[in-house]
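Okay, so chain A shows up in both of these, paired with chain B first and chain C after.
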Partner chain A sequence: MRGATAMIVAAGVVALGLVPVLAPPFYANLLIPFFGYAIALLGFNLLFGYTGLLSFGHAMFLGLGAYGAAVMAGENGIKSFEVVLLGVALAGALVALPIGLLCVRFIGIFFGMLTLAFGMLTHAILFKFYHLTGGDSGMRVPRMNILGLEFQAYNKIELLAGPFYYYCLGLLVLCGLVMWRIVHSPFGLHLRALSNNAQKAEYLGVRVYQFRLAAFVISAIYGAIGGAILGFRIGLADPEIVHWTHSGHLVFMTVLGGFSSFLGPIAGALALTLLQDQLQSITPYWRFILGAVLAAVVIFLPRGLAGIAGTGAALAKRRAAA
Partner chain B sequence: MSLIANLLLGGIFHAAVLFLVAAGLQLVFGVQKIVNLACGSFYALGAYFGITLVTLAMNFGLPAWLLLPILLVAGVLMAAVGPPIERLLRTVYDRDESFQLLLTFALVLMFQDVLRLVWGANPQSLNNVHLVYGKLTWGDLSVPVYNLLVIAAAGATAFFISLFLRRTNYGRLLRATAENRAMAEALGVNVRSVYAVVFTLGTMLGTVGGALVVPTSAASLDMAIEFVIEAFAVVVIGGLGSMPGALVGALLVGLIRAASLVVYPEFEILAIYVIVIAVLLFRPSGLLGKAAT
Partner chain C sequence: MRLSRRRVLKSLAATGAAAASPGVFMPALAQTGPLKIGILAPRTGIAASAGISGLAATEWAVEKFNAGGGIAGRKIQLVVEEETSPKDTIERFQKLVQQEKVECVMGIVSTGVGLALGPVVEEARALTIYWDGTTQDGVDEKLLNPKYLFRSTDNECEAVMSSLLAIKHWKGQFKRIAGINPDYSYGRNNMAAFIALLKRFDIEHEVVTEQWPKVGTMELTSHVAALKAANPDLIFSSLLFADLPVFMKQAHAADLTKGTKLVFPAAGWQHTLMKKDFTPEGMIFGHNTLYFDNPQATPMQKEFVAWYAEKQKDYPNWEADRAYFAIASYKEAVEKASKAKSGQWPGVDDVIGAMHGLSVESLGGKGGWRKDNIADQTFVQGFSTHNNKYDFVTLDPAKIETMYSADLQKPPGAKFWDWLKTAQFKI
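This part shows the complex of A and B:
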C-alpha cells in the first residue's frame, strides 16, 4: 500500500508540475487555491478522518492565516512569505490551544456546534470591528517575496502561475510528508484508536483529551498555512473566508475525496476546485449542482473518490489472483 | 421609556419568529436526532412564497386584511417540500451524524439556487402592507398591530404544540419515538410515518415563520444561511430537543439582540455567540435540556 501511495504521489506531483508548462497560466492560477485547500485539509482530516471530530468552524483557521498575512505583511511590512507562514502557523497554534481546550471536551454533534459557534464568533468580530479589520471590505494582503526573491520582472499573474505555483507545490509535498509521518507515528495510531473506541483506548493508557487537543492544534496550524496561501493569491482577507458555509465547503471537499484515506481530501480539493470552475463557466446555478453532487456522494459514495479507487484496486487484485 | 418599550416589542417580535423556526429544528432533532441546517432555507422559502402569494392575492383584489391568513396558507403550502426531503434523508438515518449534517448542508446549497432561480437575486419585500391592521399608539409608543398578531400566533403555536405533544395520542407516540426509537418500533409504532410527519411539521414551522416575517422585512438569499445560525443559537441556549427550551432561547436571543442595539451595536451578534459558547461549555445540555451524551 505504501508503494502504491508513493507512486500515486509521484505521478501526481509530476502531473501538477507540468501544468504551468503545458497549460495556459489560467489553470496554474486556478490551482493555487487548490494548494491552499489541500494543505488545510491535510490538517482537517487529521481531526475528522483520523480522530473522528467533525469541526464545522474550521474555516476560522484559514481566516487566521489570511488575516495574519494581511497584518504581518500589510501593516507591519514583513515581506518574506516564509516568515509570514511561520508567524501564522504559530498564531494558529496559539489560538487553537484555548479554543481546543474548550472544544475537545465534547465529541459528535456538540463538538461540531461548538466549533461552529467559535467560527461564527470570529466572523462577527471580523465583520463588526471595522476599524481593526476593515469590516466587510476586509484587509489587503500585499505581494510578498518567496525564498527571499522578489521576482520584480513578473506581474502578479506571472508570479502566481510560475514561481509561486511551484512554491505551493513544494509546500504541499512538504506538509504532506510531515502529515504522513504524523499519522503513521505512534501518535497517529493513538488517534485512530481513540476514534474507534475512546473508552477502550483510555483503558489502554491513551490520554484521550490530550491527544484530541494535539490533533486540533496541528489541524489549526495546517489551516492557517493554507489560509495564508489563499490570502496571497486573492490579495485580500475578507470575513467570508471564516463564514460557516466555507467551513462546510472544507467538509464537502474532504467527504468528496474520502476522509478514510490519506490522499482522499487532496483529491477532493482538486476535484471540487476544477468542478466549481467548470460549473461556474457553464451556469450561474452551480451551487445547486454542487449541492446535488454532495448529496449523491453522501448517499451513494460515503467513502468518496478514494472509495471508488480503493474498490477498483481491490477488484483488479481479485481479478489478478483468479 | 418608550424607546425601551419599542425595543422590547421589537425583540419579542423577533423572538416569536425565531421560536417558530427553532421549534421546527427542535422537533426534528428531538425525534429524528438530525440537526437540520436547511431549516433556514425553509424559512427563506416561506418568506419568498409569502410575498408571491400575497402579491397574487392583492392582484385578484382580495381585501388587504386577509394578509395574515394568506401568509399562513403560504407557509403551510410550502411545507409540501418536507416529505420529499424526508425521503432523501431516510437514506442516512442509520449513518454517522456527520453524514446527516452534510446532507442537510447539501440541501442548503441547492435551496440557495432554487430560490435564486425562481425569485431572482435581488431582495424582495412587501411595501408596508402590514400596516393594514393599523398601529397601536400608547403615548409616544407605537407598534403595528401586525407585529402583535404574529407574537400572539407564535404564542398560540407554542401552546398547541405542547398540548399536542402532551395530551394527544399521536403526541405520545412522537415522544415515545424520541425517547427510544427501537423500543417504540418494537411496540408497533410506525416509525417511518412518524418521521415523515415530524419532518413535515418541522418544515411547516420554518416556512410559516418565514412567511410571517416577510411583511416587516425583505426576503433575501442570505436570510437562509444567516437565520439558521440564529435558530441554532436558540436551540443550543434552550437545550437541544426541548420545546420549552426553544421558547426561552428565542426570547433570550431576541431580547439580547434588541438590547445590544442600544447599548453597543457592535456587540449585537457577538453577544449571542458568546452566550452560545458559554452555555455549551457550562451547561452543554442547554438551559432546559436533558443531560447531554
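This part shows the complex of A and C:
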C-alpha cells in the first residue's frame, strides 16, 4: 500500500474507531449497515470498477448472506457468527458459480440484464415460497456469538454499538486488505487489462472468461458477508434485501464514491448512509433529493467523491512542484 | 509526554474497551421538560393515506392534551420519522430511542416492518405502541410474548367481520367465489379466513379463481380479465392500497361489479377515492375502527372529523382512530401510574402495568388493552350507498354494523386457525 493511501486508511480506521467514544451512540448503530455495505461494495467494485461488469442483481448475494444467517443461526442453531460468515461465504461462491458461468459470457447491458433477471428470480422465490422463506415476513436472524463470546450483559443495541461495531470495523479492515492484495496481484492486473480491452488482453494470453468468472465469484463472497452483517443488525432477512432497487442502491453508493478508486465505494457507502439519515429526518421526500444528488454526481463528478480527493491531491502536488 | 506507538495503541484499546462496555449506551430517562413521543409513519408511497391520517389524529390529540396540561403535567413534543423499509425503519426507531430519547414510540402501518421491528423494540426496552401492521404469520416466531411492544388488533378482525356479514346477509345467494387480494401475508390470511368461515358455517362454495396481485401494483388488467372469465357470484378482496380504486375502476369498466356480490373488508383505507362513478351500492365495505360519517358518532369523533376536513380537505380513515387510541391510552396509563406513585413520574414498567386492562374512548368507539399487549377495539362495516352528499360511497345508515374485537379476534394464547373452527360468533 502506498504511503498516502496507507495514511488515509489509518486515519479512517482511527476515526471510525473513535465513533462509539466521541459520537452519540446512535451513530455507532447507524454505521453497522455502512460496514456491511462497504464490504459488499469492495466485492462489487472488483466486478464493476476493475473488471468492467456492472451487475444490476448484486443484491441477491446480500440476500444470500442474510437468509444464510437466518437458516444457519435461526433454523439450525449455529450460534457462532464466524461459522455463519464462513458458511454464507461458501454458499455465495457455490451460488455465484453457476450464475456466473452463464452471465460472464456477456458484457455491457446483456450482463446487466442477466444479473437483474437472476436477482428478481431470487426475489420471487423468496417472496412466493412462504413455507420455506416466510414470504414477505421474511426469516428471523437471531443474535449470535462473536469471537465465541455471548456478551450476555449487553442488550442488542449495546452489542451493536459496542463489540459488534468494532468487530465489523475489524472485518472491514481484513476484507479490505485481502481485496487490496487481490486487485494489486497479477490477477487484478489481468482484470484491469481485460476491462480496458478484452480482445487485446485475450490476445496477450489473459483467460478472459475464467478471470471474469473468478471476479464474479469473489464479489459474491463479499456480498454474502456484507449481507450477513445487515441481517445480524436488522434481525431479519426479508425479500426486499434482494430487490432490484437494493441492487440500484449498491450502484448508487459506488458511483457516489467513485468506482475508479479502491476506497471510492467505501466512501460512497459512508456518505450515502449519513446523507440518507439526515435527509430522512428532514423530509419524507428524501428520495427526490437522493435522485438529484445522483444526477449531479454523474454530471459534475463522474469520478465520484474519491475523484474530488484525487483532483485536490494532484493540484496540491502541482503547486508544490511549482 | 512522549507519544510512543505502544502508548497510542494502548489508549485506543482503552477507549475501545470503554465504548464497548454495557450500559454506556443506555438512554437517560428524562423526567422533566417536554415529554418526547416518537412517531414512525409512512407519509409517502402506497401507505401514505394511512400515515397522513394517523399523524393528523396524533397532532390533533397532542393539541388537545397540551391545552389541558399535557400528560401528567408534561407538555407533549412529537418527533416524527418516516416508516419505510424494515431496515430503514429500524434505524429511524433507534434514532428516536437513542438520539432523541423519546419515552414512547408510536406508529407502524406495514406488517413486514412491524414484524421486523418487534424484536428490536424488546431489545431496546422502549415502550412502543403499533397503530397497525400485524398479522398471523410470523407473530409467534418473531413477536412472542412481548413486554414493551403493544400491538394493534389482529388484522384479520375486519376479514372475520366481513365474512360473518356475507354469511348473515347472503347465505344461499352465492356459490362461485373468487378472490383478489394483495400478495402478502395480510391478503393471504384474509382470504384464508373467509374460506375457513364459509366451511365453519357449512356454506356450499366453490373457489373459481384466486388472484394475488403484487402489493400496490397498478397493473391489474390481467387480474380483472381472470375474474371476469371465472364468472363468480361473489368477489372477496382485501385490496387496501392505492391499487384498490384502480381495480374498482377496471372492474366497473369490465361489468364485473354488476350482479356480483362484493366483500371488501379493508376498503375504508381508500374510502374517499372510492367514487360513486365506479363503486357500486350494496357491497360489504369495511371501515375498520373508524367510519367518519357514522350517524352514531360521539361528539369527539364529530369534532375530529370536522377539524380534519377543514385542515386536510379530506376525511379520515381508520388509521386516525388507531393513532388516537395509541396516544390516548398512553396518556391514560401514564397518569394512572403517576397517580399510583403519588404524582411521581412513572418508570416504563409502571406504565406497562397500567396499560393492561385499560379502557379508553377512542375516535371510533371503545378500545382497550389486553394483558397480552393486544388491543381491543370497535369495528364498523356495512353496505355501500350513493345516497349521500359526497362524490364517493359511504355506508347505508340503516345497515351499519358495529362489533367489538372481543368477538372478532382470538383470545390470548389461542391459534387463529384453530380458534376460527371453534369460536362462538354472534351473527
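Note that the second predicted complex is superposed on the first by the 321 of 322 C-alpha atoms of A that agree within 3 Å, B and C clash if a C-alpha of one lies under 4 Å from a C-alpha of the other, contacts with A are read in each partner's own complex, and residues count from 1 in each chain.
What we mean here is this: contacts are C-beta pairs under 8 Å (C-beta built on N, C-alpha and C of every residue); 3 or more make two chains touch, one makes a residue touch a chain.
Fair warning: this is a prediction, and the values are worked out from it, not measured in the lab.
Student: Just from the overlay, do chain B and chain C fit on chain A, or is there a clash?
Tutor: clash
Student: Which partner does A:Y285 contact after superposing on A: first (chain B), second (chain C), both, neither?
Tutor: both
Student: Just checking: does A:R140 make contact with chain B only, chain C only, both, or neither of them? Give me first, second, both or neither.
Tutor: So A:R140 only meets chain C here.
Student: Which partner chains sit in contact with A:V9 here, chain B, chain C, both or neither? Use first/second/both/neither.
Tutor: neither
Student: Based on the superposed arrangement, let me know which partner A:L114 touches: chain B (first), chain C (second), both, or neither?
Tutor: After superposing on A, A:L114 lies in contact with chain B but is clear of chain C.
Student: Once the shared chain is lined up, is A:I234 touching chain B (first), chain C (second), both, or neither of them?
Tutor: second
Student: Contacts for A:F129 in the overlay, against chain B (first) and chain C (second): which applies, first, second, both or neither?
Tutor: In the superposition, A:F129 touches chain B alone.
Student: Tell me which partner A:A193 touches in the superposition: chain B (first), chain C (second), both or neither.
Tutor: Once the two structures are laid over each other on A, A:A193 reaches no partner at all.
Student: Let me test your reading of the model: by the given contact rule, A:V173 touches which partner, first (chain B), second (chain C), both or neither?
Tutor: A:V173 sits against neither chain B nor chain C.
Student: Which of these chain C stretches, 240-248, 258-266 or 312-320, gets into chain B when the structures are overlaid?
Tutor: Superposition on chain A puts chain B right on top of 240-248.
Student: Which residues of chain A are in contact with chain B in one complex and with chain C in the other?
Tutor: The overlap between the chain B and chain C interfaces on chain A comprises residues 284-287.
Student: So in the complex, the part of chain C that touches chain A is made up of which residues?
Tutor: Result: residues 12, 15-16, 18-26, 43-44, 81-82, 84-88, 90-92, 94-95, 97-99, 111-112, 115-116, 119-120, 123-125, 135, 137-138, 141-142, 183-185, 188, 215 of chain C touch chain A.
Student: If you look only at chain A, which of its residues touch chain C in the complex?
Tutor: 14, 17-18, 20-21, 24-26, 28-30, 33, 127, 130, 134-138, 140, 151, 153-158, 161-163, 165-166, 230, 233-236, 238, 240-241, 276-277, 280-281, 284-287
Student: Quick one: in the complex, what on chain A touches chain B?
Tutor: Listed in rising order, the residues are 48, 54, 56, 102, 105-106, 108-110, 112-114, 116-118, 120-121, 124-125, 128-129, 243-245, 248, 251-252, 255, 284-288, 290-292, 294-295, 298-299, 302.
Student: What residues of chain B sit close enough to touch chain A in their complex?
Tutor: 35, 37, 88, 91-92, 95, 97-99, 101-103, 105-114, 116-117, 225, 229, 232-233, 236, 240, 266-270, 273-274, 276-277, 280-281, 284, 292
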